[in-house]
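In what comes next, chain A is part of two complexes: it sits with chain B in the first one and with chain C in the second one.
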Partner chain A sequence: MPSVTINNISKAYSSIRALDHISFDVGKREIFGLIGPDGAGKTTLFRILTTLLLPDDGTASVEGLDTVKQYREIRNIVGYMPGRFSLYQDLTVEENLNFFANVFNTSMQENYDLIKDIYIQIEPFKKRKTGRLSGGMKQKLALCCALIHKPSVLFLDEPTTGVDPVSRKEFWEMLKRLKQQNISILVSTPYMDEAMLCDKIALIQSGKILSIDTPENIIAGYPQKIYAVKGENNYRLLEYLRKNPDVQSCYIFGEYLHVTLNNEFDFRFPDKVEVNPTKASIEDCFIRLMDHRPERVSD
Partner chain B sequence: MNENKRKIRSQWSTLKFLLQKEFLQIFRDKTILKMIIALPVVQLLILPWAATFEQRNISLSVVDNDHSTFSRKLTEKITSSGYFRLADYSVSYSQALTAVERNDADLILEIPYRFEDDLIREQSAGIMISVNAVNGQKAGLGSAYLSQIINDFNQEIIPPDVQSGRQNRINVVPYYRYNTQMNYRNYMVPGILVMLVTLIGGVPAALNIVKEKETGTIEQINVTPIPKAIFILGKLIPFWMMGLLILTIGLIVAFIVYGLVPAGRLFNIYIFAFFYLLTFSGIGLLISTYSETQQQAMFVAFFFLIIFFLLSGLFTPISSMPHYAQAITRFNPVRYFVEVMRLVFMKGSGFSDIMPQLLHVIGFAVFFNGWAVWNYKKTS
Partner chain C sequence: MVRFSIFVKKEFLHIFRDVRTMLLLLAMPMIQLIIFGYAITNEIKNTPFAVWNESNCNPATQLIQKINGSQYFDLTGYYTSVGEINKAFQQGKIKMAVIIPNQFGNDLFHTGKADLQIIADASDPNEASAVTSYVQQIIMQFQQESSPEKTIPYAIRQEVKMLYNPQSESAYNFVPGIMGLVLMLICSMMTSISIVREKEQGTMEILLVSPVKPIFIVLSKAVPYFLIAMIDVISILLLSRFLLHVPIEGNIFLILLLCMTFTLSALSLGLLISSITKTQQAAMLISGIGLMLPTILLSGLIFQIENMPLILRLVSDILPAKWFITAIKDVMIKGLGFTAIWQECAILTGMTVFLLFVSIKRFKNRL
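Moving on to the complex of A and B:
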């Protein structure tokens, strides 16, 4: 049985469709990544799964428990880390942890082994008020608080947004370790590089799932050749390439332009331009899926 | 059975942990702590002296056209009464009037030419009082005081034989019950205590819950198994306790500074205060369910508090309000507590005497808390 089952969930805020008939499963001991830009509906989905919000349509279950009817039971077995830091800033690190352990009728000592690796890093600051911690430390504390009652499913809403690259890397290593402790994890992120660290990902945009698979399969499924192109003036080159009918798509990718072609054999890149065939990344897949959405065409 | 017992015990311990957390936060907030001590002390030290119903220092402009012994004696008597302050001696009525226009004088006393002669020869003389009635209360009381002083003066100058011989006078000696010395502080202090309890009982509770919304911590709480009712209780209980603490501090200050001791039983005050705090924390809770930010909550709370205080009978008697305002006061919980405080403090009223007010306040408590809970459920 999967840890999380999402079945045809829809949710609208007045005129905006935040989630549009979404379905997918998160397997046991899986790190499932929800990848998408801001406003894609990731947080709405998290709020439905953590029983904070009722869906307009469809059903969802966590460890076989219905999110609407059995919300009380669900609250005992999930850990949630909202996108916005939501611990008591006027309490110390230690006080926050003890408080959240206590309201779950447990104690810090009881599940210490689960949080030990993470807690050790913030322990030197345990008497410090949470409001005065750095961004990375706040995230670690929030993760500790979400884990303190030994949940079987962890929901992490953009846990690494606004966190420095080193802390981000550490954070993902911690998630890998948690997986070994029989915890299923649903994590959202706007960072494409983090997608590769998940067991499975769903690309989501405007409330719709574009693709679900392992990151490797998604990349392997990229149907075309991609060229990384670099000229003296990338912006002018971009304009030039976009006007050409043989060019299917052209977009900025770091210091290069990524170009795909309609007709590989006829096209010649202009002189004085560096051209290298390159491998597709998750970001390329995402951009392709966004461009090929049927709604876009009909717009 | 056992299952139920365990559930109750676990909720009880959850409440305990919530309270522990609330008190930790309250005691960490130095502003709140200072307010708890400073509010009752400062308000009780300053307000009773400032919020007085007596009119003193009424500025008087005297136009003495007579310049006689009598006219001077009269002026002296008036100024030595303590209620009036001699602003100036004007030459003419029109000059006195400009003093009124400049706001230098509130009252003009014009003593006519031949005042003394008329008094002695014809046994009567006229005096004119003109009152600046912009401030109605000052004008009314000022002219009343002045008439009384002139009346006294009149008694003094009537020759003794005339006084006993010709007139049968009724001598009125009032006895002021419940406040024999007509000390307005006995009247104000209990009322100010009400204000204190209201401020502590309602506003911080509202702000506290909105703060959890504003900082997002309520999200984290909502995904825990804490039942909503327990969470709200955890929020309100500290403020009930603080309200009662403030009341106690206030009663002690009232005793030390003003020597005020309730004529009735303290127990009745505390019983009433408890239900009153329930009402106001209910109002606070209601405001918090409608507000998204602490600023909004503060504004709404302020709006209602000002209306509640002005229409409570604390500063102006309800019986002298227009009918529509009197009708509004029936829906004002503050009014009932002010009444009860004055009843218990001054009249020594017992439990059965404050029953009507108590029932009203219990009704309010049920109404506001019910509404708040209903709206809280609807929005989440």
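Moving on to the complex of A and C:
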């Protein structure tokens, strides 16, 4: 039985469709990534799964418990880390942890082994008020607080947004270790590079799932050749390429432009540019999926 | 229970960490009381007054000296016409004038009865009534001291004329009013703000996704503010008794019980506000403008409810503070017992139950 089952969920806020008939499962001991830009509906989905919001349509269950009818039971077994830092800023690190342990009817000692790896990193600051921690420290503490009762499913809403690259890397290593403790994790992120670290990802945009698969399969499914192109003036080159009818798509990717072509055989790039065939990344897949959505075609 | 106590401890930590707010909560009632208290009592001391003495007899001079000799009055001048006295009043030179007619001495010796007139500036009615009552007391004393022994005491009939506001009521007693105001402020405003703060910070989101029942969260918020309110009540009672010398006639336990009843109603009002607002500003606005203002204006704290139009009297009936102030005046000032205030207590309790019921019903289990 999967840890999380989402079946045809829809949710609208007055005129905006936040979620549009979404279905997917999160397996046991799986890190499932929800990848999408801001406003894609990730937070809404998290709130429905954590029983904070009621879906307009469809059903969802966590560990076999219905999110609407059995919300009390669900609240006992999930750990939730909201997108915005939500601990008491006027309490110290230690006080926050102890308080949230108490909220879940447990104590810091009881599940210390679960949070030990993370907690030792913030322990030197345990007497410090939470409001005066750095961004990475805050997220680590928030993760500790979400883990303190040994949840069976962990919901992390953009846990690495606004965190420095080193802390981000550490954070993901912790998630890997948690997986080994029999915890299923649903995590959302706007960072495409983090998608590769998940076991399975769903690309989501404007409340719709564009694709669900392992990151490797999504990349392997990219149907075309991609060229990484670099010129003296990338911006002018971008304009030039986009005007060309043989170029299917062209967008900036770091210091390169990623270009796909309609007609591979005839096309010649301008002489002065460096052209290398390259592998597709998750971001390339995401952009392609966004551009090829059925609605877009019919527009 | 252990869990609940940890929740309460956390609330206390929030309050203690915010030193400025805590000082405000504890000092504000005292400061208000002292400001109100001295704004009224200080004025009576060394009140400037003037005399129009037509009689120039011995007793008249003695009386004037006696008034001047008291700590309440300072003689600033003698006048010889109504016009001069009026002018002095208008210029604010004097607050009170004594007019002694020329037959004063004669009447007193021969008939044992004499008239004099006291004029007070009643543009501030409370001050004026205090001034006249003080001067009346001095005259009474003078009567007894100067009457020949074993004869009928002299009777000096005093005609008191209140200028500018002839129907002035006696000085309202502000201590019950301040208690009502402070308890309302601390309990409703602070409780609602601290609950809404959890929503604003996002901590409510985490607390909701936990086994804790929302009512638990909310009740743990009420405990510290209830205690602070009780500390304030005691400090107000002590200050008013020993600094302002306001008599506490009634049973002190009945007073405390009444304060607790009112505090509970204010707390539940705060809970209701927190359940219908989403931001701290909104909570503050509703409790500030929606509660404080009516409490100050309509609960009899400053204006007499009896003189208000019917519609405002009806509005005042739904304010818990009105019932509290009426009841606490009865107990504290008049010294009445529980039988006199059971109606008010019942109304306050009923309001508390109703407000609690509605706010628990309205409290959302979800976002």
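As a working rule, the second predicted complex is superposed on the first by the 299 of 299 C-alpha atoms of A that agree within 3 Å, B and C clash if a C-alpha of one lies under 4 Å from a C-alpha of the other, contacts with A are read in each partner's own complex, and residues count from 1 in each chain.
Methods note: contacts are C-beta pairs under 8 Å (C-beta built on N, C-alpha and C of every residue); 3 or more make two chains touch, one makes a residue touch a chain.
The structure presented is a predicted model; accordingly, all values stated were derived computationally and were not measured.
J.: Kindly say whether there is room for both chain B and chain C on chain A in the superposition, answering fit or clash.
T.: clash
J.: With both complexes superposed on chain A, which partner does A:Y227 reach: first (chain B), second (chain C), both or neither?
T.: Neither partner.
J.: Touching A:V78, do we find chain B (first), chain C (second), both, or neither?
T.: Both partners, chain B and chain C.
J.: Is A:Y88 touching anything from chain B or chain C once the two structures are fitted on A? First, second, both or neither.
T.: A:Y88: touches chain B and chain C.
J.: Figure out whether A:F32 sits in contact with chain B (first) or chain C (second), or with both, or with neither.
T.: Touch partners of A:F32: none, neither chain B nor chain C.
J.: Name the chain, either chain B or chain C, that contacts more residues of chain A.
T.: So, of the two partners, C touches more residues of chain A.
J.: Which holds for A:L54: it touches chain B only (first), chain C only (second), both, or neither?
T.: In the superposition, A:L54 touches chain C alone.
J.: Of the candidate stretches 25-33, 61-69 or 133-141, which in chain C collides with chain B after aligning the structures?
T.: The superposed arrangement places chain C into chain B at 25-33.
J.: Which chain A residues are contacted by chain C in one complex and by chain B in the other?
T.: Correct list for chain A: 50-52, 72, 75-76, 78, 80, 82, 84-91, 95, 99-100, 102-105, 145.
J.: Can you tell me which positions in chain B touch chain A when the two form their complex?
T.: Chain B residues touching chain A: 10, 13-14, 17-18, 20-21, 24-25, 28-29, 215-226.
J.: Using the touch definition from the top, list the residues of chain A that touch chain B in their complex.
T.: On the chain A side, the touching residues are 50-52, 72, 75-76, 78, 80, 82, 84-91, 95, 99-100, 102-105, 145.
J.: Would you mind writing out the residues of chain A in touch with chain C in their complex?
T.: For chain A paired with chain C, touching residues are 47, 50-54, 71-72, 75-76, 78, 80, 82, 84-91, 95, 98-100, 102-105, 129, 145-146.
J.: Give the list of chain C residues in touch with chain A in this complex.
T.: On the chain C side, the touching residues are 3, 6-7, 10, 13-14, 17-18, 201-203, 205-212, 365-367.
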